[in-house]
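You will see two complexes here that share subunit A, one where it goes with subunit B and one where it goes with subunit C.
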Partner chain A sequence: MAMIEIRHVFKWYDKFQVLADCSTQVEKGEVVVVCGPSGSGKSTLIKCVNALEPFQQGEIVVDGVSVGASATNLPKLRARVGMVFQHFELFPHMSIVDNLTIGQVKVLGRPRELAREKGLNLLARVGLSAQAEKFPGQLSGGQQQRVAIARALSMDPICMLFDEPTSALDPEMINEVLDVMVELAAEGMTMMVVTHEMGFARKVANRVIFMDGGRIVEDDAKDTFFGNPRSERAQQFLAKILHH
Partner chain B sequence: MNYHWNWGIYFQTVQAGEETYLDWLISGLGWTLAVALTAWLIALAMGAVMGTLRTLPGRAPLAIGNAWVEVFRNVPLLVQLFLWFFVVPELLPRDLALWVKQDMPAKEFVTAAICLGLFTSARIAEQVRAGIQSLPRGQRMAALALGFTLPQAYRYVILPMAFRIIIPPLTSEFMNIFKNSSVAFAIGVLELTFQARQMQEDSEQGIETYLAVTVLYFLCAFLANRGMAFIERRTRVPGFIAAGK
Partner chain C sequence: MLAGFDWSVIPASLPFLGQGLLYSLQLTVVAMTGGVIFGTLLALARLSGGPVLAGAAAVYVNTMRSIPLLMVILWFFLIIPLLTGKPMGAERSAMITFTAFEAAYYSEIMRAGIQSVSRGQVNAGYALGMTYAQTMMHIVLPQAVRNMLPVLLTQTIVLFQDTSLVYAIGAKDLLKAAEITGRNYNRPVEMYLFVAVIYFAICFSLSLLVRRLNRKIAIVR
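Right, the complex of A and B next:
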């Protein structure tokens, strides 16, 4: 069974259709990159996976749990799915280490000391041990995003969702974040990543999904996607972002 | 001007009794502080709840929050006080009404504190709502994505930031609550304004009386302001630049 199953998902904002018949799946240990033009529904789709956005039709199953079912305990489900946002969204009034412990303590019920130790270990892992007692506003964008990844990892997630994790960063900080993600992929983390970093996709993706107008128009193995995408839209898109 | 100045009046004993006028003023100040601070706690709690309601998904919480704000904001404070004091007890069930009217301890004080607290809560609710809405939407999402329930997201992420952002308008509310507490004299709370009227009638030294009272109110509001400035410094988030500033 796939870690994430997306079956015939439709979503509307009032009359406006954002997602149309989206179906795909992410196997355990797989890295799936989602790309597509602005407004194509990438963020919406990925946010449907942990129910940050509701959808009206279809089904999404994460590790055997149906996201849309009314009986599903959403906080519990979300606690198992790590999410990283474009604008980091660290909690600005908490120190870095507190950002890494609050979820563990308040959601998972871990003892504070244990949570802190885990948080510090994760900080070391993303190379930010020295920043533990600082506040998010005192860190660079790249550092904040690495903390955000560490915060998601602190919950021991079964899979990770990334929504354009590097697109708010200055170019010189993009790699420090991608490096952490590459490492994570190498360790076998299941990942669904909205990004236009095609270098990252080439390096670690198993599959690439291309969205346009709320539809998944291309869902290929990486080599097929980069070698020979079937749809014209995907070809144009690739040509544009690979040659700028 | 034919006014007979008497700066020693504060230390003279009152017409019928042992205390000095200063004792009256100090006891009045005590009740003013008691009314204002109790009302402040009520206002903060209810303001946080009602302001939060107005930012929740769904129509019902919004409607409740809006109604709360409109009711307490659109009726004059003094009229609200009389409503609480004279009208509300009549609307209670028989036994409760009787208890309120005859046996409730410190009835005037309790009424004034509740009235002023709820009046102020409407204004704080408005500020809390604005504070919450000024936060990036992603903060709520990030909190939920971490596995927080909505109440936890408010408790640990949204409200702590919202309250930091609204400290400046909260400061003026905190100063207002001391000043507004003076309406409590109208239902017989023995607070500063009440004692001032009593002292003026008893001593016939109006200027000295109201000068002292002015200074005391001024000090209350001034210290409230300094206190909030202290809290603002203590809770300042390093490196955080408030949105829209």
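Right, the complex of A and C next:
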């Protein structure tokens, strides 16, 4: 069974349909890139995976657990799914190292010392050991996003969700974040990544999903997507962002 | 004109005034602590409870905010003996009344504070696997309090001034102590002047603190 299975998901805000019959899956160890024009429902879809957004119809199963089922313990499920946000969302009132330990201590019940050690190791891994005692506001955007990735990893997630992790960054900081993500992919992390960084997609994605108007209109192996997308919308979209 | 004043009564009455001031400060601290805690619960009920809970909290807050504090103090003091059959000390009665009353005001401040924390922060807490209570406790409320600190302090200054109203039910606060000593020494004007200076000194230094906090926040932003 796939790590993430999305089956015929529909979602409405009141009468406004944001997701229409979305189905796809992410196998263990796979990297799937989601792209599409603004407002096409990419963020909404990825937030449905860890139930930050509810959906009205269909089913999403993460590692065998049905996200929409009322019996599902959502905090427990979310603790196993890492998420990285467009605007980092580090906790501004905590030091960097505290950002990396709070989840481990409060959610996983790890002893504080152990959590701290793990946090510092992860910080070293994203190249930010020197920043441990600083506060998020003192870091650059790229540094903050690397900390946010480390924070998600501190929970030992079974898969990771990224919602436009580099689109709020200055151009010169994009690569330092993408490098961490490429490394993560190389280690076999299961990843679902909303991004318009097609260089990243070419390098590490197994599949690329193209969304438009709340629908998944293209779900191809990477080479097919870049070589010869079937839908006209995807072709136009690619032409537009690749010529940027 | 000041020549007619006899300031010698002040040193003599200091211990008694001190007791009164102590009670005024206790009342302020109790009503602030209880008011912030109870007010936060009211704010959470209004923001995220079901319609019944949110409605009940809204009715409570709006009712308290529409009644003069003095009336709440008097009513509670008079009604409790009728309900329980035995009187409650004025000091204790005032502490309960003030906590219940201030909760309404603190709850409005906390509501604004909670709303000042972005949805993204809440999602980040949830995404780590935190429960609603953990997300509030560790992520939202600390930021809400930090954002609202100047306003919370200003409300506390108002609260401290309002504690003088308890003299209406005979609780021995700073003002009551001044009244009693003023009467005993037959020097009411000196005593009232002196406690006015004390109220002013405390409130003014607190408001200076608020101003400094505001400037600091402006810099951080």
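As a working rule, the second predicted complex is superposed on the first by the 244 of 244 C-alpha atoms of A that agree within 3 Å, B and C clash if a C-alpha of one lies under 4 Å from a C-alpha of the other, contacts with A are read in each partner's own complex, and residues count from 1 in each chain.
We take it that a residue touches a chain if its C-beta (ideal position, glycine included) is under 8 Å from a C-beta of that chain, and two chains touch if they have at least 3 such contacts.
Because the structure is predicted, anything quoted here is derived from the model rather than measured.
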item	value
Subunit A as common anchor, with subunit B and subunit C clashing or fitting	clash
Partner chain(s) touched by A:Val65 [first = subunit B, second = subunit C, both, neither]	neither
Touched partner set for A:Ile158, first subunit B, second subunit C, both or neither	neither
First, second, both or neither for A:Pro92, with subunit B first and subunit C second	both
First, second, both or neither for A:Lys76, with subunit B first and subunit C second	both
Which of subunit B and subunit C A:Gln138 touches, first, second, both or neither	first
Set of subunit A residues, in rising order, touched by both subunit B and subunit C	47, 50, 52, 75-76, 78-83, 85, 87, 89-93, 102-103, 106-108, 137, 151-152, 155
Of all residues in subunit A, those that touch subunit B in their complex	47, 50, 52, 75-76, 78-83, 85-87, 89-93, 102-103, 106-108, 134-139, 151-152, 155
Sites on subunit C touched by subunit A in the complex	120-121, 123-124, 126-131, 134, 138-139, 142-143, 146, 220
Subunit C contact footprint on subunit A (complex, rising order)	47, 50, 52, 74-83, 85, 87, 89-93, 102-103, 106-108, 137, 151-152, 155
Subunit B to subunit A touching residues, read off their complex	136, 138-139, 141-149, 152, 156-157, 160-161, 164, 235, 237-241
